[in-house]
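So, here come the structures, one by one.
Presented sequentially are two complexes of chain A, the first with chain B as partner and the second with chain C.
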Partner chain A sequence: MAGLTADGASLAERVLELGTTGYAPWLDRTPHRKLIEARGLPKLRAEAWRHTNVTRWYDAVLSGAETPAKRTRLELPEGVEAVDFESVRACELVAQRGEETFSLAAHPLAALNALRLGAGVAIRIPAGVAAPGPVRIGDLPAAYQRILVIVEADARVEVIEEPSTYTHRLLEAVVQPGGRLSHRRQQAASSGRECSLVAVRTEADARYDLAQTALGADLRRNDILATLAGDGAAVEIRGAWRLDGSRHLDNQVAVRHAAPGGTSRQTYRGVADGRSRAVLNGRIEIAPGAQHSDAMLSTKNLLASDTAEVYAKPELTIYANDVKCSHGATIGAIDDDAVHYFRSRGIDERRARSLFVRGFLREAIDDVEAAQRLGVIQ
Partner chain B sequence: MSLLHIENLHVDVAGQPILTGIDLTVAAGEVHAVMGPNGSGKSTLANVLAGRPGYDITEGSVTVDGEDITPLSPEERSLRGLFLAFQYPIEIPGVSNMEFLKAAVDAHAAGRGEDPPSAVDFVKRARACAARLELNPDFLKRGVNDGFSGGEKKRNEILQMLVLEPRLAVLDETDSGLDIDALQVVANGINAFRGNGNAVVLVTHYQRLLNYVVPERVHVLADGRIVHSGDSSVALQLEERGYGWLDG
Partner chain C sequence: MSEQSNELADLVGQDHAATGHEYAAGFVTEIEADTLPPGLDEQVVRAISAKKDEPSWMTQWRLDALRRWQRMPTPRWAHVQFPDIDFQSISYFSAPKGTAPTSLDEVDPEVLRTYEKLGIPLHERAALAGVEAPADTTSNVAVDAIFDSVSVATTFKERLAEAGVIFCSMSEAIREHPDLVRKYLGSVVPKPDNFYAALNSAVFSDGSFVYVPKNTRCPMELSTIFRINEKNTGQFERTLIIADEGAYVSYLEGCTAPMRDDNQLHAAVVELVALTDAEIKYSTVQNWYPGDDEGNGGIYNFVTKRGACLGDRSKISWTQVETGSAITWKYPSVILRGADSVGEFYSVALTRNLQQADTGTKMTHIGPRTKSTIVSKGISAGRSQNSYRGRVRMNPGAKGARNYTQCDSLLIGDSCGAHTFPYIESKLPTAVIEHEATTSRVSEEQLFLCQQRGIDPEKAVAMIVNGFCRDVFRTLPMEFAVEAAKLLEVSLEGAVG
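For the complex of A and B:
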């Protein structure tokens, strides 16, 4: 199933020929290499990639066109442990993470991330500690990056992913019982091609919040997978994006209720202008036995031009019989009646549209400052 | 000079003639009521004054303070002092009432070539107007009409009117959907506003509001024309006898 590149060599072979970096030698890359050898790499025709021409991303991979940052930008509050992913201590933290937060077969780009890995950080918030300030993660000095966050029992932390450049970033997080992780992701407009995977496991009575504000890139793909693995876990994901020009943003989100009594909320608001393309596939899975799960997904999208494209698809897979699930998806134009209402009060059309869009996005953003910096709102 | 002067106004909506020759003159300081049965063209008249897209003037003229407003955009009309209280106010989630009002007040200040009011002055003013309509200050923080009851939406229109202080306010069925207490509050707001050199056109189906806001003149609209005009007693006659007595 490997895609073919122009010179006839299998894409997977060419990627494998790039070899493995020596970074984090404790990381056993055998399963990653085997997976790519056995199954190749995803291509455009795969269902999960139908709206993103992943071939263009492989071009960036093969050409090594990425220009990663030269140094690490990382800010840590007191009481939080952080180590370079290369260190033996990082290996111990990976062991503490326990079972993987995602399946490699379902996310084969993570295999490529392992082979090409060049930078990373492992972060631990010790049990019972409430971090006095946020962990800020900016640039990491390689194109392929890993971040591991372990929030121990009853600990609390805010992690802010600031705008940065990479080819692939994998962020894994485990929130142990009673812990709380607030995750803010800020993705600036970029001419780069980048993919990322966020995989989070929340254990009993743990809580994970993600607030993502994004502008598009030449190619930007975000895979987000959150598993409610313990009783009473809670996940809230909010995403707001605004694209223009010919920018691209593909969000593939899955929230998996694997234990009873979990609550999940997903709220997405997107605006696509120009010739941009925005994708949101949001999945809710309720595993057998995950009774009394309560899940909601809402995605609303505005097409601000005749040539922009929006693909919004909520999916529900439910294997338990006593659950509460709801979803809604809308795609529409800016409401002419609303614009007229503004204008009838003396507000010109341009400002009216801008205020309307800002109000629309606000339903999914509370971090107004970050949103302003990103230009998601004015 | 008349503040509002409408002469032989013909309006089509989607190619259908709705207004077929309206003549109406309102002087500064006056309140006029325009009444009529459903489908008579009342809302069309209100909307065409505000410049809503989709309403085509095929004949006639509309002037405000002597200026022809028909070529003007809705925002230009607003800046010249025209205000329409919508029959169905629009919900705008995510934009607070305060933000909406500030944007409008700033646009009006810019239109007059003035600096926008300071945030403190503006908030004081908005709160004072809200209090006059017996609205809780929290009301200003809520999204524009978002999840408002019918009565709250109508009060919000009057709030916007009080804050913007227009020359000419056209109130399109502002009384519908109000219970008796809310009706009195809204009427008090209109009465506090009226006079002071401005004019008010009340578009309504019922006489009810006119018990509290007594108009100088009442006009009856039927089939796109004004078929009868008189003093406030006309409203009482309509209430007693319905619209049928005007036929023929």
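For the complex of A and C:
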């Protein structure tokens, strides 16, 4: 398969030599080890890693330069069940999740996550329960982390991923019929090298919203896969990022309409300053038979310096004819005329630019205060 | 419509009314051919070079390409599926037997009849119609015809020579204009550019060569007709067009092949060079045999086309109407090096039955204030797969550069696929890139509205598709545009219902 090393056995071997942790012994790691043995790991210049030097992440993996938090930071509202991934109950919840939310072959780093897993939490919102407050997930005490969220039928919850450090984090979520999951991710600036995978399955009439605000890291890669698996499912993803220095952010998003009548919206706004690099690959997939799907993606980018780089790849893969799909992408600079207009009203240039950026990013931000706290907007 | 355009009409969809949506150009010509045995190694490359009586630098150039090709892996990234090609089972050279023709009179009459059947009279217009060509000959088309591997005839040579335009086969150009060929061959598409370009560089048999001198507007449209005839042969032609400072040329390309159950490979390379203030307009109507309804046979059209806007204010415009081939895999591209240079790509790609297309363009902005426009219309019907893949890149020097991309897909039927893979890359803030893509289908309402007005469904679909493609058709030379629309109509027959 494209993107995996054929001859890069040495890297795979070295990773396998690290062995598996004893954490969550019920987790069968055979398929994960087999995948790495058979196909190696993604290598430099593989299509899916065009803009992220994955070998730099492996350096972090192999050097063990991970500085995980000492303890778990987790806040739970009433009525929500949460267990450590190590427990047998977590094993039951994984069984309740049903089939995998992503294909391991397409996300080989998740295999590494399983082998090296050191911390995790499984969360269940029982059927019909509307959680009275958000679930806040902060630090988890290991470099490789796993989070499972099961929103049972007609339940509602907000999950907030607050800044934390990790080498790889895998978050799986299943939103059962009629359920609703609002997911907020805040990724603070970091000098670490971090990869994550969010894989969500929304079933009939279920809804998943993701609002992600991010500053870059030395290397930050977010894979996001949302599958609309039942009739009338809905997914909305908003992403806002602001990068400076030599920060890096690579977002690889796929929204897959696997059932008819689904609606998806993706809105991304990004600003790249300094020598930073921002990447967005946003794919809309319409599976055969997913008629009456309605999918839209919009990504707009501002380049704020001569040395920053922006890469956008909005993709459409469509196998059904009665659908409405569109995407739009732009890359440009801060509008000098707009800045001039501000200045003519006595607002200095720095503030004018800052206001402009704020207005620009605002379209993809729902929680302005949180975004301000994070420093994505001022 | 001029007589010439009728000829082109016949080329692209000969006698549509009578033959329905059958592939009209699918006959085989029985001629004796001088064909090399299948296989590819240094001996074969030397044999091709020797047959063409090439100078040693050319032989070495080919061998270098072959060695590079041998080290290259087969590319598999495109959104197309086909069994591995056995490159050793292909014959890399086939020519109508006999010595190379020096004039039309020496061309095998069977070959001439083939082209006539296709609607392209090789004889110059006066000889064909028995009338003198009119004084104003802007509507004339000079034709270079490539039969299997070799160029069999080039028309209107003298008329072009008067204007100083060189239009000849690549073999002739290597002999007669070695300086130009050495300077520019491989300058836009280097030998190791990609797998199929390297293969072409090693074994290309012929192709067209055009040089338009300074401040010259080429007095007529130039055209190449490609025809694959022999079985188990690949066609590897190489086209090089150079527009010197202030020159203008418009070039048309048409392609056909017999109906065969085997797949045949067509791996051409087209290089365009536009110097300061020059303009090249390259239009393609590609109607290679697409295979039968079950996907048997058909041409694998794996072509590398690229233009370089080397000079300031130069312009290269690609227009393609792709209806044929089992698989189309190509990206006519422009490297915008000169300041204020302009690149354009207008494409209609129609796939039906089990056809696959992965086509688009690459616009690489290097010079300041360079501009590019991409308009791509993909139409998928039957069980076909149609992908747009494009890349727009703003390099650090492209201050004030601008790109606009629009790619629309139209789906007819629920078993086909339409895909979009645009790569948008910018490294400087003053460049502006805009991209949009939509997907639609021929809706029940539209069909109902047409039927209500007495337009049968088939015509209605053709009309809707035609409207969908209008932005592209209007960039084609007029007669070509009319015929492209007709070709689509023919190709769509049986696609509705």
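Quick note on the criterion: the second predicted complex is superposed on the first by the 369 of 378 C-alpha atoms of A that agree within 3 Å, B and C clash if a C-alpha of one lies under 4 Å from a C-alpha of the other, contacts with A are read in each partner's own complex, and residues count from 1 in each chain.
We adopt the following convention: contacts are C-beta pairs under 8 Å (C-beta built on N, C-alpha and C of every residue); 3 or more make two chains touch, one makes a residue touch a chain.
Note that the structure is a prediction, hence the values are computed from the model and not measured.
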item	value
First, second, both or neither for A:Phe342, with chain B first and chain C second	first
Touched partner set for A:Ser326, first chain B, second chain C, both or neither	second
Touching partner for A:Gln291 - first (chain B), second (chain C), both, neither	second
Larger contact residue set on chain A - chain B or chain C	C
Complex contacts: residues of chain A adjacent to chain C	2, 47, 288-289, 291, 301-334
Complex interface listing, chain C residues touching chain A	76-77, 394, 396, 409, 411-441
Sites on chain B touched by chain A in the complex	50-53, 73-75, 77-79, 83-84, 86, 89-90, 92-95, 99-100, 103-104, 107-108, 111, 143, 160, 164
In the complex with chain B, residue positions of chain A that touch it	335-338, 340-349, 351, 355-356, 358-363
